[in-house]
Amino acid sequence: MSALQVQAGELLASGKAEVVIGYGEGTRGRVRPVFVRTRADVSLLVFDGRCTANLTVYLAKPEVGRMGKAAIVATPGAVRSLIQLIAEHQVDPGEVVVLAADDDAVTLLTDPAALEAYAAAHPVTIPPEAKAVTESLARMSAQERRAFWDAELSRCFKCYACRSACALCYCTRCITDMNQPQWVCVAPHALGVMEWHLNRAMHMAGRCVQCGSCTSACPAGIPIGLLAMEASRSVEKEFGAQAGLRCDAPPALSSFAADDRESFIL
Amino acid sequence: MCSDPGQNMIKSAIKEKNLTGVVVAACSPRMHEPTFRRACAEAGLNPFLCEMANLREQCSWVHPRTDATTEKAIDIVSMLVAKVKRNAPLFPIKVPVTRTALVIGGGIAGIQSALDIANAGRQVVLVEREPSIGGHMSQLSETFPTLDCSQCILTPRMVEVAQHPNITLHTYAEVESLSGFIGNFTARIRKKARSIDERSCTGCGECVTACPIKKIPSEFNAGLGLRSAIYVPFPQAVPNKPVIDRGRCTYFQKGKCRFCETKCPAKAIRFDQQDEILDIAVGAVVVSTGFTVVETSFFPEYGYGLYKDVITGLQFERLLSASGPTLGEVRRPSDGKTPKNVVFLACAGSRDPAKGIEYCSKICCMYTAKHAMLYRHKVPDGDATVFYMDIRAAGKGYDEFVRRAIEDDEVRYIRGRVSRVFERQGKLVVKGADTLLGGQQVEIEADLVVLASAAVANPGAEELAQRLHVSYDGHSFFSEAHPKLRPVETNSAGIFLAGACQAPKDIPESVGQASAAASKVVGLFSCEELTREPVIAVVNRTAPPAYSTCAGCFMCRSACPFNAIESEEIKGRDGQILKTLARVNPGLCQGCGTCVAFCRSKAIDLQGFTHEQMYAQVMDLFA
Amino acid sequence: MRSANTYMPYPMRIDAIIDEAPGVRTFTLKFMNNADAEEFSFKAGQFGEYSLFGEGEATFCIASSPTRQGYIECTFRQAGRVTSALARQEVGSVLGFRGPYGNIFPLEEWYGRNILFVAGGIALPPLRSVIWNVLDLRDRFKDVTVLYGARSVADLVYKHELKEWGTRSDMRLVTTVDPGGETAEWQGKVGFVPTVLETLAPGPENTVALVCGPPVMIKYTFPVLEQLGFTADQIYTTLENRMKCGVGKCGRCNVGPVYVCKDGPVFSYRELQSLPAEY
Amino acid sequence: MTTELTFEPKIVAFVCNWCTYAGADLTGTSRIAYASNVRIMRFPCTGRIDYNLVLKALEQGADGILISGCHPNDCHYSTGNFHARRRWVVFRHMMEYMGFDLRRVKFAWVSAAEGAKWAEVVNTTVREIRELGPATEYTELHRKGVA
Amino acid sequence: MSTHHGVLSHQNLLKLLSGITAGGMELYAPRKTGQKVFFDHITDVREIAFDPLPTTESPKALLFPRVERLLSFARDGESMRVDDRCADLMPRRVLFGTRPCDAVALQRLAEFFADGIEDMFVGKRREQLVVISLSCAVADADCFCTSAGSGPGDGTGSDILLTASGGERYDMEVLTDRGREVLATFAGLWDEGSPADTSGYLAVVEPLPALAGFGAKLAGAFASTVWKDASLRCLGCGACAYVCPLCSCFDIEDEGTPSKGSRLRCWDSCGFSLFTLHTSGHNPRPTQTERWRQRVMHKFSYMPARFGHAGCVGCGRCSRACPADMNLREQITMLDAGIALQSAP
């Protein structure tokens, strides 16, 4: 039994968790989320390099919530998102146990301080593909960037897998589903797609923990996470606030500093 | 339209056509929105179903008579029609009122306001930064145009304040912060440590005599006299209790001395006294923090304050004052001799865009005439010369007063600006032009030069304004809500202005405004409840299981400048928490809508400026 | 000639607006083209998609009777984007209407029978179409009874018609409001619809019951009728699932193997029993 | 005549009630003439201005946007403009990242006393937008991807 | 007509496709971006991707576009001018590179939209669409076409079916007049052929035995508890529905202002939480459990009951697209077993 399986078993046996949300073997060599409720089933749990999806997204699901106190197998990205969820009052730190997994090590994190320490010790890693696109975007002119996003977003049919896979897209009603007024065009035409992704990026500003889940979820292969990441990074660069590091962090966007940049204002 | 016939037209249209909304295409809503909303209300239409299309200030007055202007006018009206179709009837919000007023600043304006409010039977908390109330008026010798003694008319008022049962006086104290809203403010007051137990102190003055440090320039005497480290600012101070200037006191600086303590018969000295923080609930605030004058160092052309015998008008007041450093004799600072040639420079700094003070300080013409006159009375063989730009003596008895100075007291008025004051062979020379003589250069030797230096806002006025959430103008004077129609209110409901903190004023004007502010406060306090504008943010509520589109992230909380966001728990039948939502305290919300723009799920909306209303305006513009 | 485009509405103009209850309005709509008016016909129970250009479509039943031609009426509560926009319209405004869609109440099969209408709140409109249809062909039916209830007196719709029905000798009208919803002047009954129905105790013999109301009313009314001896075939209702297309394609109103818009909205209680409860 | 010469841009101004709107009123009371291309929308505070409204205006055909409110520290609500400023920093960054032309969205602090500045800001904006020509990058998105 | 047989080389196929674009007909074919393959308007045949597996997005957009203008309107004084688009020319299009399962799906989709009140848009597009499919030489673990009423060499729904028969050469079946018309212009590029047994070139698709009788079993399984566990990891996105060649749920929305705008039809999904939400707040399918059940029931129980075939052709796209690995093959097998277990005495 792996260390993860042992720890998960103990949590279930001791009643510290009633369900362990983890990764299990899926089809076609992929891994998938599994919900382990009995000690016997801990053998389903795996953890390796394929496990990148951010499982904290399931904490907001009512069906999962009804299963009782959860332990969650978390990548560093998921730990950050959990911290962010705590900061945004979406998760009660007392109601979730974290099995932070990274390569071989599994660390049990049960309080905000431990989560924060873990997040601090595991900085954001940007996948090489994302890095390459970011670098090429930086070299582009505005028109080239427009053309790049126009082409990429033309594949978006608004299945909202990006939103569904995102732990921080927990809104009771997403702005794109509102029609009084119709902030975002329903249609997945170029306009509606642009509005949706720009809104998501703005909503992620100062909140995106760069876990990469939205990009991996996109069935159309759009590097969609770049937008949210960029919004969050601009907040980091401009205002020095990084998401997912402190459980009591104030919202970065709805805060301000008297000397925030205003060179663009006449 | 704003005239009675115009309003009646609207009223009858509402009734005849059964209107459900009104757009008045006329002037700025900042001007007449309340007028028309009231007219609608009188016709039975909810006033918030009325909007104004600003066709005057923002269209006809700024654009020529062209088709493009007409198009713009049509757009403006059309946008407001689109908005008003989505307006909802709103109803005033009732909030309780704490019937205690806070008056900040104990000069003549603050004193007058406090007394008026207190005499109307309401509680007043008067906070003064200095150790005594009295302000600038207590420094003046005589007052124009009657030449009665300033102290004589002020002191009884100061005493009345001290003894009034409805007034709580905090001197040597400052307002640290002001939270809450009209009717329900909390003022945090820092009472600086006086180092004296005020209750025990009898005001005998033994300590002052005992203090070995005596060569501190006296603030009260505008630097012309001296005081000790433990001191009473002036003999008639209220309260007449000393204060230790810890920055100058040997004990506080070097840890040794305590002479005053040994001499105090009442054992009232408290070296270990701490600043005291008081949180006081008040319903209204009168800001009467006054002004200051620019120092002589402000004027490079007059020697940057290097010449001891170039002084400000305020310093000259102290030289004239019987309680001043010279006991009322005019003696110049450099050598104590009686000056035989005194030159008064009016508009020193004022009305001088190059110096950044474009405005007229308003009081200088009058007090310069007074100074020259009083000087001539005290030094009958002296020459008084006044350089002036023009004489502004509008006011009851004012022009007569100036004429008396010129005609009876033979003060020489030269119309012209002074370009330089310099020293020549140990004597001051005032160089200027006489514009009535075609700009002819004149040079006048002077024993004393008195600058009618500009009245400016107090240092720190901006910071105070920010703490009080009131706005201020480019010169840091506090802004009234409307220059003509709401001259004593600020844009923050429940906060009023009195005296020279708003703009330079003389005594009668300050007192008049102070009484006006007091009457506003008394009016506000006439009811136990006050009605507020319903333009506030509201968190939506929907059917279960969502209860609201609010997800409870509380991003709005950090966006709110007024701490108006609270949390609300939705509980199930058995008491378990189903959801935690944001809730807006309708008493605290001021309706800025900052929370609204931050809310990702649009759960908060601002009544009167709703998402639907604003969106409809944008869409209509391009329809 | 009708357009080959299924989604093409008839242009219609609002001819009259009646405020029925707080947030509830009735529009009388007239065809803008005579040819449309002539071509158009419908039967009681059918519905349509009413549209406001630029805002979208909303699904309501046709609340007027097919016996009254040249216009249609709809009654709606202001709630969503389209209904809110509709509520901002005035007499003379142009709307779109496409329909009629859906199946019908088989009135012809019910000639010679007693008809019992049970309606609650804003669900009277679908039955109003049938009520007027029956009243206009009064001699073909036996006893006609209408039981209508609302949360409060203010919430009753078609107040002027209720007054007329109340005075007619060829039908019986019973109105009721929920406890607490009555006013001092209220002359009708006070109580929930199922309870009032129980005391009314209409006989099931040769009777058809048409029931329309909020889900909770339906839930408690069916058992009362069964208790009174009505069989599931004698009870009819309409389903009000969310719809977009009205022609069985968009998928929204799919409940089990049926599309409510195409196979409904009229269902007998018997038919309903065979469907999953996803409505 | 070429279209460049006849092109009159339509500019939507989103302004706060207490400073810029009052400032624009002052421009009027001072009778300072300025370009009539601007349509003013009054908000209580810059903090209330939703970037989605800006986006909608551009999509609907605005050639330029002007967002204006109180100078820092002068906000009637004390901090609304600070919040707005931070939001605009990010919004501009994202617009730029997606390749939109930032020159069409202008920002200015205009106080209630700056009637002349308002006229100048509007005139400058109109002149610059006129040089840029009609905005198409948003409006053309309406058609893309619709069968 | 009777099936016509021919053979052509890969080279000539490309020439033929080039000829189609040059001749003014719009050509749609798979194009690859990164790892994903989409049907796209092709102007240069070198851009066509000949990936062996079904494309990422199905070709359904050729009949049922992601966004489609149902009508447009403009205020005209007191009335409204409405353009019903009937006059819009739906150009003849050639769709190349569909797999047999796709072609079957296109046919079923067209049937669905024609049922009852016919949908003009889909109908007209279908009339004008020439489908040239490629038989499958490869299947992956997500495919189950042979159990879903199709197969790797099924010509149903195609106008022309090409089967790669080794050596850069295709066996061609011309199945319809429309197919023959297209080919007529390019007579020199292909040779007459005779019926050939292509089965040796076709993929072997792993059967999905659970599918047999699955519909009948589902009919009684609405209230079963199997749905809850089966749907637990479903994220509720629309990826499966949007890549599916047969999912046809849509939304109708107006865009623009009351003065000028369009009524649009856009894809929608029964998996979205708001799909069935009533304005009152009542939602007949409140959680993902009910929504996943609807998806499965609709495809494998309701559709067969109504149309005689499932709403699924076993292309496997949903399984490949799902971010939570909701594998349909596996789900069917698991649900089948679960239902069987529950209904056992």
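Letters A, B, C, D and E name the chains as they come in the text, with residue numbers starting at 1 for each one.
FYI, contacts are C-beta pairs under 8 Å (C-beta built on N, C-alpha and C of every residue); 3 or more make two chains touch, one makes a residue touch a chain.
Computed from a prediction, not measured in an experiment: that's the story for all the values here.
J.: Provide the labels of all chains in contact with subunit A and in contact with subunit E.
T.: Of all the chains present, those in contact with both subunit A and subunit E are B, C, D.
J.: What chain lies closest to the overall centre, CA atoms only?
T.: D
J.: Compute the centre of every chain as the mean of its C-alpha atoms, then state which one is farthest from the centre of subunit E.
T.: B
J.: Measuring between mean CA coordinates, which chain is farthest from subunit D?
T.: C
J.: For the interfaces A-B and A-D, which has the higher count of C-beta pairs in contact?
T.: A-D
J.: From the C-alpha centre of subunit C to that of subunit E, how far is it in Å?
T.: 39
J.: Averaging over Cα atoms per chain, report the distance between subunit B and subunit D in Å.
T.: Chain centroid spacing, subunit B to subunit D, equals 33 Å.
J.: In angstrom, rounded to a whole number, how far apart do the mean CA points of subunit A and subunit C lie?
T.: 47
J.: For subunit A, give me the residues that contact two or more of the other chains.
T.: Residues 175, 180-183, 187-189, 253-255.
J.: Would you please write down the residue numbers of subunit C that are in contact with two or more other chains?
T.: Residues 80 of subunit C touch two or more partner chains.
J.: For subunit B, jot down the residues that touch at least 2 other chains.
T.: 546, 559, 594, 598, 611, 615, 619, 622 - these are the residues of subunit B that touch more than one other chain.
J.: Write out the stretch or stretches of subunit E touching subunit A in their complex.
T.: 33-36, 38, 56-57, 66-67, 140-142, 228, 231-233, 235-239, 241-243, 251, 253, 255, 264, 266-267, 269, 272, 274, 287-289, 319, 321, 323-325, 327, 329-330
J.: Which bits of subunit A are touching subunit D when the two form their complex?
T.: 137, 140, 142-150, 154, 175, 183, 187-191, 193-195, 198-199, 201-202, 205-206, 227, 230-231, 234-235, 238-239, 253-258, 260-262, 264-266
J.: Quick check on the complex: what are the subunit A residues that touch subunit E?
T.: Of all residues in subunit A, those touching subunit E are 26-28, 30-35, 53, 57-58, 61-64, 155, 157-161, 163-165, 177, 182, 185-189, 192, 216-217, 219-221.
J.: Please give the residue numbers of subunit D that touch subunit B in the complex, ascending.
T.: 8, 10, 12, 17-18, 21-22, 24-29, 31-34, 36-37, 39-45, 47-51, 53, 56-57, 60-62, 73-80, 83-84, 87, 111-113, 119
J.: What residues on subunit E touch subunit D, complex-wise?
T.: 61, 65-69, 255, 257, 262, 264
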